[in-house]
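There are two complexes below, and they share chain A, which is joined by chain B in the first and by chain C in the second.
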Partner chain A sequence: MAISSARESLSLALNNRFLPNLEYLLQGSILDTAVEHLMHRLKGLCDNVDTSPERFHDLEVCMSLRQPTSPQPLLLRVRRALGQDAPFQMRYLGQPEVDMRRPTLVRSCMDCACTNGILDFLTEMGFRLEFEYIAKGYMFRKGRMKITVSKLIKIVPGKQQDMANEPISQSYIVELSVVAPTGQENVGEEMRVFAEQLKPLVQLEKIDYKRLGNLP
Partner chain B sequence: MSNSVNISVETTCENQIREIAYDGTELYQPPPTLSESLAKCAARIDFSKTSLDDLKKEEKSAAAAEDKEDKDNQFQESLWPWDAVRNKLKDAYTEICVLSDVISIAKDKRYLVLDPLLEDGDDTKAIVQVYSRKKALSQAAQVLLGGAERLRTAHSEQRSRNVSDFHIELLRLRQNWRLKKVSNGAIIGDLSYRTAGSKFGMSGTFEVTKAEDTLDEEGGAGTSATASAASSASSSNNGMQLKASSALRVIVPAELQGVAYIKVITQKDQEDLCTAQVNLMGHGPNITAQVGVWQKTLEFAQNVLFCKELFAQLAREAIQLQAPIPHVVIGNQIRATLLPNIQLIISLCHSTSFDSSQPAPINDHDHVLEHSLHQLLREVHYKNSHHPFPHPASAPLGPSKKRMLAGPTAADREALLDMTKTQTILEQIIAQAQHIFMRKRTQYVLDTLARDVKDPQIVSHWNAMNSPTMSCVKINIVTHGYDAIGRTSLVIHVKERSLKCICRDGRVMRLSYEPQELRDLILCQINSHQISCLVSLARCMAWTVLSNSNHLGIGKVEPLGNASSCLLASPNSDRMIAVQIRCDPQIDVKVYIARSPRQDFFPSPLVPEKFWENLGGNFKEVRFDKIEGKSFLNKMEFLMASLTSNTA
Partner chain C sequence: MGVTVLQPYPLPEGKSGAHIIDHLGKRLLSLGATHAGQFLVDCETFISTPQHGTPTRAVHVLHDSEFPASTFSIIDNGTGKQVALVADAIFDLLMLKMTSTFTSKKQTKIESRGARFEYGDFVIKLGSVTMMEHFKGILIEIEYRPCITLSYCWEMIREMLQGFLGINVAKEYPTYFTTQTIMNAMGQQQLHAKQNDLYEPMDTVKQYLEHFTNYRKHVQLHGGLGSSGLSVNGPVLMPSTVVGVGMGRS
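Our next item is the complex of A and B:
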């Protein structure tokens, strides 16, 4: 299969539904005091946690571009692992779709690894900084499910690396997500069963951002 | 109490909403009238919850109550809210009537006598309580003591009979193996490697039961060794004549019974070069002593499963691999060609009955290959279950770190295709076997050369640290007694099918697996060593080096080097020595000397003047083997010394 240009390969991918992927997401939160219990339970449930759970420490920057045609700005999230030599990850997330029939929130997503010039590039394109935060916590894996338990940390502008940045709240955000190609419906069920097992500790739900946005 | 906070509770000022109309207007309930609220409050009074004193007071005000009751009767029909109050009051009235009757009867003292209550009535109660508690406690103690006694007797009985308990055994089994109870009460265990990342389809379930008749089992195992092979639970099917004292039986499926191992043989023509037997037995701490005989049974079964998985994997790969000489899989045997005429044979041996006449395991089997096979399958298992976590955390799960970098580093199609390639177990084991073979071959060539060539000496140092497919040897060529003058060293990297030689001067040569090439190379190195040492020696002795060449290009021309030569002149240039060293097929040294001008010159018509003699004379060969000296350099030193002294 010869692919002549990048544009052609993109359209091919879109036609064959390689792209965009769908992200199935459940979210919840747990207080700092109870997070130990959750960690123990996750250690029991997840794959190979014979070693200590994987930690992560990422800086996420959300960039927005005003579009002349639509009132909604285009949002792109760029994430970078602090203290690790890994490529930046740029992420586009589509409108979340809260379907009553589905057990999870579903949104289209595109991931792309980038070099560290991506932020400058986006700024040059006209993107503006929307918000940024640091996520720090633990990652688990169960089959194709990814479970992150992370603390969101507010950033004092210009002091990304500073230890003085304060956590946003006294709780951890717990996310259960699967990124899968279109047309895999049993993912949601699998996730629901897993979320059920964390039940008394953390209530993983599909959270509708549109409603949250209306809150004062 | 001083900390308590006063909380005032007030009703809301608003009236209750009775209903909300469709247009959103709210209809309020009208506020209660005074009588309504009075009725509401009165309904809340609990007349039964009054103390004795209150009752007395009530008695006095019985008349008043009666009045009120009359009022109540009036309201009865019209005002339902007062109904509850009325009922309560009626009850109270009945009670009071009865009480007054009792009092009036008691006054007569004919039918009823009222005695004052004993003040210590409560005390007697306490004593009764104490007694009852004491009794209950003693009963409970009795039960506990009885239970303890029973346990003690059971325990001592067990110890005296030396019969192990099923549940204790089960507990021990549970500590080492995965067990679960299924619906019909049976206990099923799993000895497969699936939780460790194996994807082998064969099931490794076994069943745990209670051994009913231990004695019969013992007798059966003792008398018939052949029958024991069929009986899955008995430990003797693995050749272990352990006393069957276990109260627990494990039933292993028929295909996992017996002993299995994987035999690896490297064969040249029909002769075995090295063999290896792979099984898991004898690895890890032996815990059979602490736990039951079933441990051995399960270990053997697990080993069978492991060997089968390994072989299945190898056989699948052997068929899929596109080798220049195709691999052959026949029955329980895989044949792969390592190098021309050298074959690697991997076979699965599985015997269900233990046979004592089985040949003893070959002692010189290759531990390295055995270990590698293990390690390779374990690695596959590990990779199946351990995927790297993505960083940053939002990145997709699955692609390797290298793959994630492919985008930012703009990897091309070729590089991406390379990432998808992984070496199969068979490829790796073939590579390792090839390497082992190459290493042995190189060792052999170097050792024979070192033995055959006495002058100069060949010293080889093998690196202790090496990888399964790469090892390294450093070769030093020195002449005894002339170490300071010259030393030729080279490094050979032994790989899977080739050798890489790095010489001191930076030349890198790649040799094939043919041993002759290495032999030629070493001989050429000896050549050049001799010549270069000779040149240094000549300088030390003030001789002049007229020319030297490491590649004369005569004889069988080899790419690595061939005959080398050197031409030396004495300090006053009247004598010359020519040396030629050939290395094919053996080291052959030829030394010639010439003298000019000759001491005795007789003019002839052809050469009338003496100065013509300066052009150089005829070279005469020296019978080098007759010259005094231990080594080539030693002899040359003597030769030069003698020629120099002649001219002095």
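Our next item is the complex of A and C:
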């Protein structure tokens, strides 16, 4: 039997819809002073109750490549875990679709684990640094849903120490997301029901980035 | 995962590639090796669209069926700097997002595929190299699995190679391991012998790229893809480590 090439297996995964390539997303925020209440609520609702929520502390670097045929540059986000040795995660996110009939925002999404040469590799390809920040917080799981509560931290150029960097705001960003293959429309409904259970602590919404267009 | 050495096999005049592969396969089986599936290593190269003032960059994307979840890429920035990357197989889809900046040179898509054998601690792959369906040559991959440093097991690999190929393999380490350059602390290129380094899957892939590049150059030198390349024992392909061809006994 002939062996199939990597390209063939990839198109097979795409055509048979078992390659997760769509992200369903709801976002909200909560003030620092109230985050403890949300953490308690999540501990009660989510799967990983016995092991306290998983902590993360990541540096995200967004790189952009100008493309001659499109006015929009191609953006790739590279995440690196600070303080532990893990593969770098590269992520491509497509243009978000905010469809009134859908309960969540939907965007195409590709996650790719890589070795640590990725930033150097992208730089050689012609990518340039767009922005970077540190995200620090907690991750919960409920079935296939992922809930993160994270503090976004601004990076002061020239100072790598965490202490020197300041939080962007006095609140945490809360994200509820699922990455699923194309055609699983029930995901959105599942997420809407879960988001209901977090009210009134946090109001998870589909945020239309185009409306925020001019913000820095 | 162990140490892998890639050895081109010179084609004697008047013999077809399929004939040699068949012959070598039979030899391995009679030695006591067992047939253990198929393998495939492929390579596609993407070239950056020329922009004013920047050298042309090439991204080589390779897959190895021994590591089915990974995509290996090596970028050559045109000024001698190379960066290697191992990523999930989905990296291929990301490359397709950049087709306006990096276009695939379809006519140079090249692969080595064939049978995979296991013989004790060794894995041997008999690959026939094809580019655009044209046969280009034979690449033999031999892996010694219990060890990850070439200098400790090169003699054993060499003996095994000589044993079943029936050719003389030079005592020196294969050129891939002796001619690598690394960037030193001052940012200068410096020669670095790799035979004492820990072996990584990327080293296998880089050896394939080196040989694939030679096969591609051969095509350019000999004018286009028209030649079927059945007599590929030109000067470019003849590796310095292979001395005589002794196919007489079997």
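Note that in this section the second predicted complex is superposed on the first by the 189 of 216 C-alpha atoms of A that agree within 3 Å, B and C clash if a C-alpha of one lies under 4 Å from a C-alpha of the other, contacts with A are read in each partner's own complex, and residues count from 1 in each chain.
In this section, contacts are C-beta pairs under 8 Å (C-beta built on N, C-alpha and C of every residue); 3 or more make two chains touch, one makes a residue touch a chain.
It should be emphasised that the depicted structure is a prediction, and the values quoted were computed from it without experimental measurement.
Once the two complexes are overlaid on the shared chain, A:V193 sits clear of chain B and of chain C alike. Of the two partner chains placed by superposition, only chain B is touched by A:R77; chain C is not.
Of the two partner chains placed by superposition, only chain B is touched by A:R141; chain C is not. In the superposed model, A:Y92 lies in contact with chain C only, and not with chain B.
Within the superposed three-chain model, A:I168 lies out of touch with both chain B and chain C [touch as defined at top]. When both complexes are overlaid on chain A, the residue A:L31 reaches neither chain B nor chain C. Shared-chain residue A:T115: touches chain B and chain C both.
Of the two partner chains placed by superposition, only chain C is touched by A:L65; chain B is not. Residues 21, 111-115 of chain A lie in contact with chain B in one complex and with chain C in the other. On the side of chain B, the complex with chain A involves touching residues 385-387, 389, 391-398, 401, 404-408. In the complex of the two chains, the chain A residues touching chain C come out as 1-3, 5-7, 9-10, 19, 21, 65, 67-70, 74, 76, 90, 92, 110-115, 117-118, 120-121, 124-126.
By the touch criterion stated above, chain C contacts chain A in their complex at residues 37-40, 42, 48-49, 54, 57, 59, 63, 65, 68, 71, 73, 75, 77, 81, 83-94, 97-98, 100-102, 111, 113. On chain A, the positions that touch chain B within their shared complex are 21, 47-48, 54, 56, 58, 60, 77, 79-81, 84, 86-89, 91, 111-115, 135, 139, 141, 144, 146, 148, 150, 179.
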